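A single structure is presented below for examination.
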Amino acid sequence: MGTASDIKLIDENGLRIDGRSPTELRPLKIETDVLERADGSAFIEWGGNKILVAVYGPREAYPKHTQDIEKAVVKARYNMSAFSVDERKRPGPDRRSVEISKVISEALSAAVMVEQFPRAQIDVFIEVLQADAGTRIAGLTASSVALAAAGIPMRDMVVGCAAGKVDGKIVLDLGKEEDNFGQADLPMGILAKSGKIVLMQMDGDLSQEEFDQATALIMDATKRIYDIQREALAGKYRALALERGGE
Amino acid sequence: MPKDEAGVLSEIKRNYILKKLKEGKRGDGRSPESFREISITTNYVPRSAGSAYVKLGRTKVVAGIKIESGEPFPDTPNQGVLTTNVELLPMAFPTFEAGPPNEGSIEIARVVDRGIRESKMIDLESLVIEPAKKVWIVFADIDVIDFDGNLIDACTLAVVSALKSAVVPGSTEGGKDFALPVRSLPISVTMVKIGDELVADPDLEEEQLSTARITVTTTADEHIRAMQKGDTGYFTLDEIRKAIKLSSDIGRQIREKHFK
Amino acid sequence: MPKDEAGVLSEIKRNYILKKLKEGKRGDGRSPESFREISITTNYVPRSAGSAYVKLGRTKVVAGIKIESGEPFPDTPNQGVLTTNVELLPMAFPTFEAGPPNEGSIEIARVVDRGIRESKMIDLESLVIEPAKKVWIVFADIDVIDFDGNLIDACTLAVVSALKSAVVPGSTEGGKDFALPVRSLPISVTMVKIGDELVADPDLEEEQLSTARITVTTTADEHIRAMQKGDTGYFTLDEIRKAIKLSSDIGRQIREKHFK
Amino acid sequence: MGTASDIKLIDENGLRIDGRSPTELRPLKIETDVLERADGSAFIEWGGNKILVAVYGPREAYPKHTQDIEKAVVKARYNMSAFSVDERKRPGPDRRSVEISKVISEALSAAVMVEQFPRAQIDVFIEVLQADAGTRIAGLTASSVALAAAGIPMRDMVVGCAAGKVDGKIVLDLGKEEDNFGQADLPMGILAKSGKIVLMQMDGDLSQEEFDQATALIMDATKRIYDIQREALAGKYRALALERGGE
Amino acid sequence: MGTASDIKLIDENGLRIDGRSPTELRPLKIETDVLERADGSAFIEWGGNKILVAVYGPREAYPKHTQDIEKAVVKARYNMSAFSVDERKRPGPDRRSVEISKVISEALSAAVMVEQFPRAQIDVFIEVLQADAGTRIAGLTASSVALAAAGIPMRDMVVGCAAGKVDGKIVLDLGKEEDNFGQADLPMGILAKSGKIVLMQMDGDLSQEEFDQATALIMDATKRIYDIQREALAGKYRALALERGGE
Amino acid sequence: MPKDEAGVLSEIKRNYILKKLKEGKRGDGRSPESFREISITTNYVPRSAGSAYVKLGRTKVVAGIKIESGEPFPDTPNQGVLTTNVELLPMAFPTFEAGPPNEGSIEIARVVDRGIRESKMIDLESLVIEPAKKVWIVFADIDVIDFDGNLIDACTLAVVSALKSAVVPGSTEGGKDFALPVRSLPISVTMVKIGDELVADPDLEEEQLSTARITVTTTADEHIRAMQKGDTGYFTLDEIRKAIKLSSDIGRQIREKHFK
């Protein structure tokens, strides 16, 4: 986690640097069916994150030795565009994106009814066009929507959400400065209905009590994010944001 | 270029398209010389130095510009640097694969780059911070996110739009931010040959049926700045002259409609 | 994680292990919460800056530290650099292949690195030779030479032991050699879920049977410094709380037994 | 194209920096059967270019998924030797040589009777030992000869030739300084008998009239180059130049 | 070979910089069965070298096109740990280790009864944990022991040993300074019983007489090293040194 | 080493060659100790710093030298740098593939390099422009264009010839151009063992029949500078002594015939 800094991230009224309360999410919008070729797609804007997800499959797993005779393999590929971050990123996977791809793949596998598609592969391509803090949980949230939009049977939706520690306080959904200068970040992936945890990473410094506070915030926000996922699938905002520029 | 998901067009579809083309009609009702609808959204990735989201029919690309200070090339100490890269993202088409650029994406990037460079669109001489030591490096990166043919023109439109709206972060080097100095507006026009017909702005089906491809990039003075013939078929000299004339005309129209 | 040489556990073995687990017993007689025997030999590669050979049951790894002067990262000009790399050597298991790190070894290295980094084990600020120009670069490399499960914990133990014993070659930069400044002792504890049971420090057979993995790295203050859930199964929040509690307990025991 | 410069490339008599007239080719020599292993080979010296071409095939395309069930795949590989250019070139393909390999492959495909060899591959290895301007058209010209020497049935020979703009004038076959400091370069690949165009690239600045002038020069030179190709195939200069040093 | 230097490598009594006589080996220990997974393993400490060898096989050669229908392929992979040398070594094979892997593979092939295992592959993984001079011959010596420990039928043991020239004198088994500042190094691999030579490399400057002196020293030492190999296989020192730190 | 196009020699051919060899005769009429015809053309690539085209029988290689200024290695601040690289071009043999060097081409390059380096052919100390900062880097690159066996000797001949004729572009660094300072002429001689016979300068067929290979590189003082045994067979010590003696003799002949 972040570097020590003189920046005050929470003011005397308990408000955060972007004006949010500790339990408030950044603005969040999801749309589906934004791409033509993909079997399913979603576009998410979450704070300053702009992330596109496309799903292809189920299709025969290739190369053959990657096939699982009992179930489909869910293969997420998290990728950052060269222009998505402050300093131009060289194309191609780095160690960070390999790890994120792995944990997202595993989280989605827990939600998809993989046993219905032996020997198949389901590809989930996550392209971060603009990165703010929390790209992995935003990508995960959108991936779940894109899978559903592709008509792939799922036992539950996966909601991605994070909490963290900033100026010694536990807050929901870290923004960029909070991520840079905060003391802990706890991104989680949760099955919306059952509350089961399918992704969890943490770095920083949390006592066990702080961990409990953080998960309470996340569990509570899960419902709100799930509602937005369902609205997106109901088609209310189809393909509007993708066409629109600006932040 | 990839075939459709089955790998080929059905014989029936092929014959139908060819027959219509002989009558001067295309599958989607366009005339042979016309482009699909173009939509350009600039400032699409606001935190980049410049960006554009472009739809050319159902083909969609996103271009983003990053501008950083760095060393000039030894043989051009008094010029900034421009590099162009195209990523055929696997999300854009079932057979596109992740990985380093292949000959397809390299050709697209190089043709796009050539059009911009040869038209002297960017005034590279004005991008010097300290001669021979420090210049502005302009990275133009293009993500292809949805593929339905004619990537060269879609990518050129996106990069040109993104560069035109880009801001050089001069304040990071003790100066002021300033608009990237743009001197011309190169427009590329690609045509393919199907049977004996030339059609502009081919969609994927048309690309699959075509035997040869030609791209002509022009500037407002109607001069040719870059050309590229592709594919295993041929053109006659007359066909190329026709393509040049058409590129000039369509370039003018696009400039008027989208860059005024 | 790889399966055994045949690629799977036999159904009989699987059922046997599951049945025993329900009774709170493991194949090798351990309780669900206990670790296999740990053996740590430091100064194993005497010509490196620090090193350790660690056996965790039949899993064996060697960590070696190299410390060289070099440039700091531009965004942290007043800190030394720490990099952690894990090699799953092909000698360690029949299906491990030589080649660049794969997602398995990258995940292990990053989780190990996170535990060390977030616990602020190494005082990176004290590794500056000349601010913004020259700092000490600490390379922590881990060779996995024999694989029987739970690499994250074995690698963390090895790196922590090697770092704790490491010497910075200050004399090569005109100063004196000095012990690498260590401020805390992160211990990682990994548990997997088999059926509905949680077991700590899984061996290979247990890893093959498990559906989910969780690693919790704590420091002596019993704070959590890093966590990583792995695999395609899930945990309930209660299970995670239990894993955190256990990590804290086991961490304390390991610190007392092996790092006094 | 080139950088602006004070160098005068065309003198008061209309002669070029190497003494040529605007419509004159640089010295050009081709020999065949210069290698033993290859099924066909050619060596071309064109200006300061020294380029070796070897042809293998038709042979079964490999790997299998590259096979075309209807025709042979012609695969040219243009490569520059480490010592072929002023600054030592790192071995291996760069983006430029990947593009050149592609356009040469396509141009040769148009000439070879590929339909006679379904599932086959014809390899054309082009090695630039010394590079002057115009390596791609020299390589293309020699490739066509090497294919014919390998006995591969062709519907026509491919001739490579370029014209360009120098000091505002249209001239044939740019030399190195003209390439560096000129205003346009137009390399073409032409089927010798039919005049069909199978390769064309352009960079620089040409009006439509200038394009017509340039292609007229090229079309005229095509005949001369084709004659040299035919003489080479008739065996007049077999394996002499390859053995000989010097420029 | 080495750089010229003022360092005196042999003193007035004819003793070497580490106190050895010209015909003396550095301390040498071998243990077997130090790893659990491998089919056979050995750990060698020779001077400051610490090298681990694991053998897997015979197993089916993969990929298939590498199979030899008449015999097993012996594939050694010599690798240096990142921390094995003074300056941290980037993981992965460099040109030196590719060459060493090749000559060790060839040497071991001559000893293994490869004709008994058509289509099979025998993998020998050599990991240099700490490198002193002579890693290739130490690795070769240990490989032979690990192959035998894996129960792979061999027609003879391979002994690795080197001699060299230091301060103009021929001496056995160069140490690190001798390697750095000496005038020649001659590593050899010898079949213990027959005296046949299966590995030989040389760099430096040797007259033909010096070569004869050097090989005489090596042939003589071969017996001593072979005895240590046999003792290791007899199990005397099983898995002791591997567990022990220090030099 | 690759087999012929069918992948193997026919049994009949094999037996014929073996039988003739026992009578001291080779397929092309040579004696066991003799080389094929050598032809060397220097200045073959006139724009390089030095170059040579070498035919050894039907094996053909081209060596080119580039000499550029650059930084010395940190551990040899007072020496120029020499690097040797061999490319087995796919044009040279049906099974050669484009791509990074494989173990075959790496071994050849390293044995060639060793011969040149250990014979101290190039006076690297005289290639310093500014100690510890700037030295001449000598790139020796060899293209194998036609393959009929014995690449090590063909490549050594080509590199030695090219280096001997090379010119250092001192004028680019404010001095004068000067001939690359050459102090000795290493010649490598390779023999292979077929049955119990040793033959020098094997062609491809002979390489396919052989079980072991030995290369000995000597200088005019008849000292050995580099040796390399290859392949899965063995040599007796007597055979190696014979090979050394022969290398010395042939080296002398080649030096006299081709380097006077």
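For clarity, chains are labelled A, B, C, D, E and F in written order, and residue numbers in each chain start from 1.
Everything that follows uses one rule, which is that contacts are C-beta pairs under 8 Å (C-beta built on N, C-alpha and C of every residue); 3 or more make two chains touch, one makes a residue touch a chain.
Being a predicted model, the structure only gives us computed values, none of them experimental.
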Steps needed, at minimum, to go from chain B to chain F via contacts: 2
Chains contacting each of chain C and chain E, listed by label: none
Chain whose Cα centroid lies at the greatest distance from that of chain D: C
Per Cα centroids, the chain farthest from chain E: B
Whole-Å gap separating chain A and chain F, where each centre is the average of the chain's CA atoms: 58
CA centroid of chain A to CA centroid of chain E, Å: 52
Euclidean distance of C-alpha centroids - chain B vs chain D, Å: 27
Sequence positions of chain F contacting 2 or more other chains: none
Pairwise touch network: line, ring, star, complete, or other: ring
Complete ring sequence of chains beginning with chain E, oriented so that chain F follows: E, F, D, B, A, C
Chain B partner contacts - residues on chain D that touch it in the complex: 1, 3, 95-96, 98-99, 101-103, 106, 109-110, 186, 191, 195-208, 211-212, 215, 219
Complex contact set, residues of chain A against chain B: 35-38, 41, 48, 50, 52-54, 56, 59, 77, 79, 81-84, 86-88, 91-93, 123, 125, 127, 129-130, 242-247
Chain C to chain A touching residues, read off their complex: 76, 101, 103, 106-107, 109-110, 114, 117-118, 214, 222-237, 240-241, 244-245, 248
Of all residues in chain C, those that touch chain E in their complex: 39, 41-48, 51, 53, 55, 58, 60, 62, 64-66, 68, 85, 87, 89-94, 98-100, 139, 141, 143, 145-148
